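Next up: the structures, one after another.
Look at the two complexes coming up: chain A is in both, with chain B in one and chain C in the other.
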Partner chain A sequence: MRRTTEQIIEKICFFSALISGFITCSIFLFLLIPGLPLFRGGHFFSILTGPWEPGLGQFGIYPMISGTLAVTMLTMLFAFPLSLGCATLISMEGNFRLSRLLRKIVEMMTGVPTVIYGFVGIFLLVPLVRNFFVNGGSGMCILSAALMLTLLASPTMILLFCDSFSRVPHSYGDAVLAVGGTEVQKFLYVTLPCSWPGILMGFTLALGRVLGDTLVALMIAGNAVQVPGSLFDSVRTLTSHIALVFAADYNSPEFQAIFACAIFLYFFSTLLAVSVRLIHSRWRINT
Partner chain B sequence: MKKSLGVFFSLLMVVAFATDSLAGALDIFTGEKGEVRIAGGTAHIPVMKEAAIRIMRHNPDIHISVGGGGSGAGIKQVGEGLIDIGNSGRKANEDEISRYGLQMFKWAIDGVAIVVNPVNKVRSLSQEQVAAIYAGTITNWQEVGGEDRKINIYTRDEASGTRAVFWKKALAKGNVAKNANFVVSNGAMKAAVSQDSYAIGYVSIGHMNDSLAGVAFNSIEPTLANVQSGKYPIARGLYSNTKGEPIGLVKKVIDYLFTAEGQEIVVQKGFISVK
Partner chain C sequence: MRFRRLLEQAVPLLSLMSSIILLAAITTVLGFLFLKGWQSLNFQLLFGTTPPLDAILFKRRVFDCLFPAMVGTFSLVCLAVCWAIPVGIAAGIYLAEYAQGKIRIFFNLIFDVLAGLPSIVVGLFGFSITIFLNKQLSNQIYPCLLISSIALAFLVLPYIIRATQASLEGQPESLRLTALALGASKMQNIVRVLLPQSLPGITSGVILATGRCAEDTAVIMLTGAVATAGVPRSLFSSFEALPFYIYYISSQYADQEELATGYGAAIILLFICLMLFSLAFVIKKRVRLSAQYRAH
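Up next is the complex of A and B:
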C-alpha cells in the first residue's frame, strides 16, 4: 500500500517537473521560431546595436537595452546596500519585538502589487524629482524609476538575507563570543561570510525581478526611445517596449523586433541564473 | 482589468436595479442575455462605459466589459476574435479590413486638442511651431512666448489612434524627438500634462477639462463648435469595428449608439454626434 502511494507521488512529481521543463523549452521555441527571420537575415546583431527609427525602416533595440541596463544597475546600486542594512538591523536588533515588527512590515511590502508602486510613483515621486532637481525635466526618468524599483526589489532581498543569516549555525557565533569577540565582529567575520550564497541568491532574484518588471518602468520611466545620457533622461526598458509595441500590426517589422527584445531578455535572465548556479556549486566544492 | 471592470459594473447593476424603466431606446435589449466584450481606443471609453451602464441597468442579464489598449489593439483583438467590438480612433486600413473582414461603424466625431498645463501661458501655436516643438528643434518655452523653461514633450504609443491623427494633421507626418515621453492612454496623457507645468501633449477633446489648457492651432481654438464647423483641422471619427456583420446582442449594442439616446451620450461626453 505504502509503496503504491509513494510510486504515485513520485510519478506526480516527475510529471510536474516534466511539464514545467517542457513549458520553459516551448516558450524558448515560441520566441525563436517567429524570431528566426531575424537570425537568418543576419541582422540580429544589427537589431541589438541599431537605433529605433520605424519611419526609416530601422528597428534596432539598442536604446531599450541601454535603458534597461541603466535602470537595473541604478536600482541594484540603491537596493543592495539598503537591503543588506535592513536585513542586518532585523537580524542584529536585540529588541525582539522591534525586529519582529520590522520583519512583518517588510513581509507586507512583498505583497504590494506593482501597479500601486506605479501610481505612488506618478503622483508622489515624479513631481518630487521634477521639483527637487531643476534640470530634472519632466521627472519621468531613470532616477524616478530606479527609486521606485528599489522599493519593489528590496523586500524580497531583505527577507532572503535574513533567512540566510539565521541559517548560520549558532555554534559558530558562540565560538566568536567565547574568545572575546564582540557582536559586531561576530556579524562581520562569521555571519556575513558564511551567508554569502544566500546573499547572492537574493541579489539574483531581485535583479531578475527588476529586469522583468514592466509596469513601474512603463508608468514612470517616461518611455522615450533614446540612449540615456544622464539620470534625468527619460528611457524605455525592453519590457515597456514590448508592452508598447505589442499592439502594432502582427506582420510588421516592429512586431518582429519585439521578439528580439524577448529573446534578449530570455537569454540575459538565463545567463544570470546559470552563472549563479555555477558560482554556488563552486562554493560548495571549495568548502 | 477587464474582470475588475466587469465586477464594478455588476455592482452598479445591483444598485441601479430598482430604477430600471427609462424605456425607449433600451427596449431592444429586453429579454436579451449574454456578454459583450469591448476594448481598444481609449478616447471611446467614456461613451462606451455610459452606454454599458445604461444597458446593464435596463437588463441585468447582459454583461458588457469595456477595456482600453489603443486603436491598434482594438482592431487586432476584434480581428482575432478575442473581443466582440474593437474601438479605433482611426479608420482601419485596407490591409486590416481585408485580412480580418472588418465592418466599421463611425458613431462620433472627435477633435484632438494640443494641451499644456494651465500654469503655462502659451495658448496659441502655429502648425510650424507645433511640428518644430515635437521634432525637437524648439526646446524652450521662451521661443514660443512662454517662460524660460525646457519643453517636456509627451506623445502616445504606436497603437494610439489619437497619435495617428495628430501625427498626420498637426505634425504633417514630421519626426518626433527622441526624448519625447510616451504615455499609454488619453487618461494617462491628461494625468501627465496636468502634473507637469512645462509639458506639451495632445488629447481627445472629449477628455478636456480644467486640469488642462487647450492651445489654439493656427489661431483656431480646439472647441467642439470649431470641430463641428470643420474649422479645426485635427479631427477624426470614432469607430467601432466588428469582425464581419454584427449579429445579435453585438448588433444591438452598436445600434444603440446610433439611437437618439446613444447620440445624446456622445454629445454629453464631449464629442460630436454623427446625426
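Up next is the complex of A and C:
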C-alpha cells in the first residue's frame, strides 16, 4: 500500500517536471507554426535582413534587430562598469556600513517594476534628454532607453558579481594581506581574476534581460522603424515591435512577421541560457 | 609600475563614483515619482465617488478610479500563483530528489531556457494559443483573465521550481540521512523532514513569483488586459490591471488629472512590489540570484 502511494507521488512529481518541460517546447511550436507561411517561400533570410515596408509588401525585421542590438549594447556599455564599480565597493572590506547600505538599496532595486522605469523615463528623462542635447530631437531615443535600462540591469548584475567575489576562498586574499598587500591589491590581483566566470555569467544574464525587456524600450525608445545612425535616433526593438503589431489581422503577413521576431528572441535567449549553464558547470569544476 | 600604482589609486575612487551615480539615479527616479504623485494618493483615487465599503463588497460598479485595476491585478496574481505552485513545487521536488544523470541535466537546461524567455514571447505564446483555440474549438474564446493567468503561471513557473530545488538541495547531508537511518522511506523523508526544513526557501520563491506576476505588463497586454473593463465578472472576461493601466495612461492621458492617477497607480504598484520583495528577502536572505533574472 505504502509502496504504491510512494510510486504515485513520484510519478506526479515526474509528470509535473515533464509538463513544465513540455511547456517550454510547446511555446516554441506555437511560435513556429503561425510563422511558418513566412518561411515557406524561402524568405527566411530576406525577413532577417530586409526592410519593414508593409505598404510595399516587405516585412523584414532587420531595422528591429539592429535597434535591439544598439539599445542592448549601449546599455551594457553603461551598466557593466557601473555594476563592477558598485560590486567592488560592496565587496571590499573597510567601509562596512556604507557597503551594507548600498547592498540593501541594490537588493531593493531588484523589486522595482519595469513599468515604473518606463513611466518615470517618459516624464523625467525624455524631457531632460530633449532639452540637454541640441540634436536630441523628441528625446525618445536609444540614449534615453539605454540610460533607463541601465538602472534595470545593474542591480542583479551587482548582486551576482558580489556573489562571485565572495566565493573566492578567503585564504587566497589572506595570503596577499600577509605579504603586505593592500585591500585594493588583494581585490585587483586575486579576487577579480579568480571570479571571472561569475562576472561573465552576470554579464550574460543581464544581457538576456536587457535584450528581452519590453516596457522601457516600448515607452521611451520612440518606436520609429529605422536602422539607427546615432545615439539620438528613435528605434523600435524586437520586443516593442511585437507589442505594437500584435493587434493586426491574424492572417496578414504583418502579423506573421512578429512571430519571426519572437522566434529570433527565443533562439537568442536559449543561446544565452545554454552559455550561462556552460560557464556555471566549468566554474564548479574549477573551484 | 607607475601604471599599476595609478590603477590601484583609481579603483576605490571609481567604485565610489559608480556607487554614487547609481544611488543618485535611483533616488532621482523614486523621488520624482513620489514628489509628483503623493498628492494624488487618496480615497478618491482608489474608489472614485463610490463609498469604499460598497465598492469592496461589489454592491455598486465603480468608475474612474483604480479599484477595478487593483481587483484585476489581485485576481490575476492569485490565479497565476495557484496554477504555478503545485506544478512548480512538484517539479522542483522531482529535480532535487529523483532526477539523475542525463535526465537531470536535460531538465535543468530546459528550465533555464524557460526562465530566460522574454516575457513578451510568453505573452505572444498565450495570444497564439488563444487564436488556435478560437479557430479550432469555438469562436467564443477571446483573450481573457483565465488565459492571462495561465500565461503568467508559465512565466513564473521556473522561479518556483528553482526555489524549491535550491532549498531542498541546500539541506545538509546529516539532516538528509537521519530519518532514513531511522527507517523512514524516501517519501516520508521528503514530506516530513526535507520539505518542512526548506519551507522558508520555497515561500520566498513563491513571494518573488507573486511580485513578478504583479509587475509584469508584457504578458497581460497580449492576453487580455484592457484599459476600461470594470471589475472582472468572470474568468472569461477581459480585465484591468495596475501595470497595464500605468502603461496606458503614460501614452494616452487626456489631461493632468488623468496623469495624476497614473502617478498614483505607479506609487501603489511600486509599494506592493517592494513590500513583496522585502518580505521574500526577510524570509530567506539568500535566494538563488540567477532565479531572479528574466527580461520583462
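As a working rule, the second predicted complex is superposed on the first by the 256 of 287 C-alpha atoms of A that agree within 3 Å, B and C clash if a C-alpha of one lies under 4 Å from a C-alpha of the other, contacts with A are read in each partner's own complex, and residues count from 1 in each chain.
Throughout what follows, a contact is a pair of C-beta atoms (placed from the backbone, for glycine too) under 8 Å apart; a residue touches a chain by one contact, two chains touch by 3 or more.
As the structure is a prediction and not an experimental result, all values here were calculated from the model.
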Superposed partners chain B and chain C on chain A - clash or fit:
clash
Examine A:279 and indicate which partner it touches, taking first as chain B and second as chain C; both and neither are also allowed.
neither
Which of chain B and chain C A:73 touches, first, second, both or neither:
neither
Given the touch rule stated above, what does A:209 touch, chain B (first), chain C (second), both, or neither?
second
Just checking: does A:259 make contact with chain B only, chain C only, both, or neither of them? Give me first, second, both or neither.
second
In the superposition, chain B vs chain C on chain A residues touched:
C
First (chain B), second (chain C), both or neither touched by A:48
neither
Which partner chains sit in contact with A:122 here, chain B, chain C, both or neither? Use first/second/both/neither.
both
Once the shared chain is lined up, is A:194 touching chain B (first), chain C (second), both, or neither of them?
neither
Output check: A:231 vs chain B and chain C. Expected answer is one of first, second, both, neither. What do you get?
neither
Clash with chain C, by chain B stretch, listed 24-32, 60-68, 96-104 or 168-176:
60-68
Could you give the residue numbers on chain A that contact chain B in one complex and chain C in the other?
122-123, 218, 243, 246, 250
For chain C, which residues count as touching chain A in their complex?
7-8, 11-12, 14-19, 21-23, 25-26, 28-30, 32-33, 36, 86-88, 90-91, 93-95, 97-99, 106-125, 127-129, 131-132, 154, 157-158, 161, 185-187, 211, 214-215, 217-218, 221-222, 243, 246-247, 250-251, 262, 266, 269-270, 273-274, 276-278, 281, 289-290, 292-296
Using the touch rule from the top, collect the residues of chain A that touch chain B in their complex.
54-55, 63, 122-123, 126-127, 130, 137-140, 218, 222-226, 233-234, 236, 243-250, 254
The residues of chain B that touch chain A in their complex are 69-70, 72-73, 76, 95-96, 150, 152, 154, 157-159, 175, 178-184, 191-192, 195-196, 198-199
Residue positions on chain A within touch of chain C in the complex are 2, 5-6, 9-10, 12-17, 19-21, 23-27, 30-31, 33-34, 81-86, 88-89, 92, 102, 105-120, 122-124, 150-151, 154, 156, 159-160, 163, 182, 184-185, 187-188, 201, 205-206, 208-215, 218-219, 239, 242-243, 246, 250, 258-259, 262, 265-266, 269-270, 272-274, 276-277
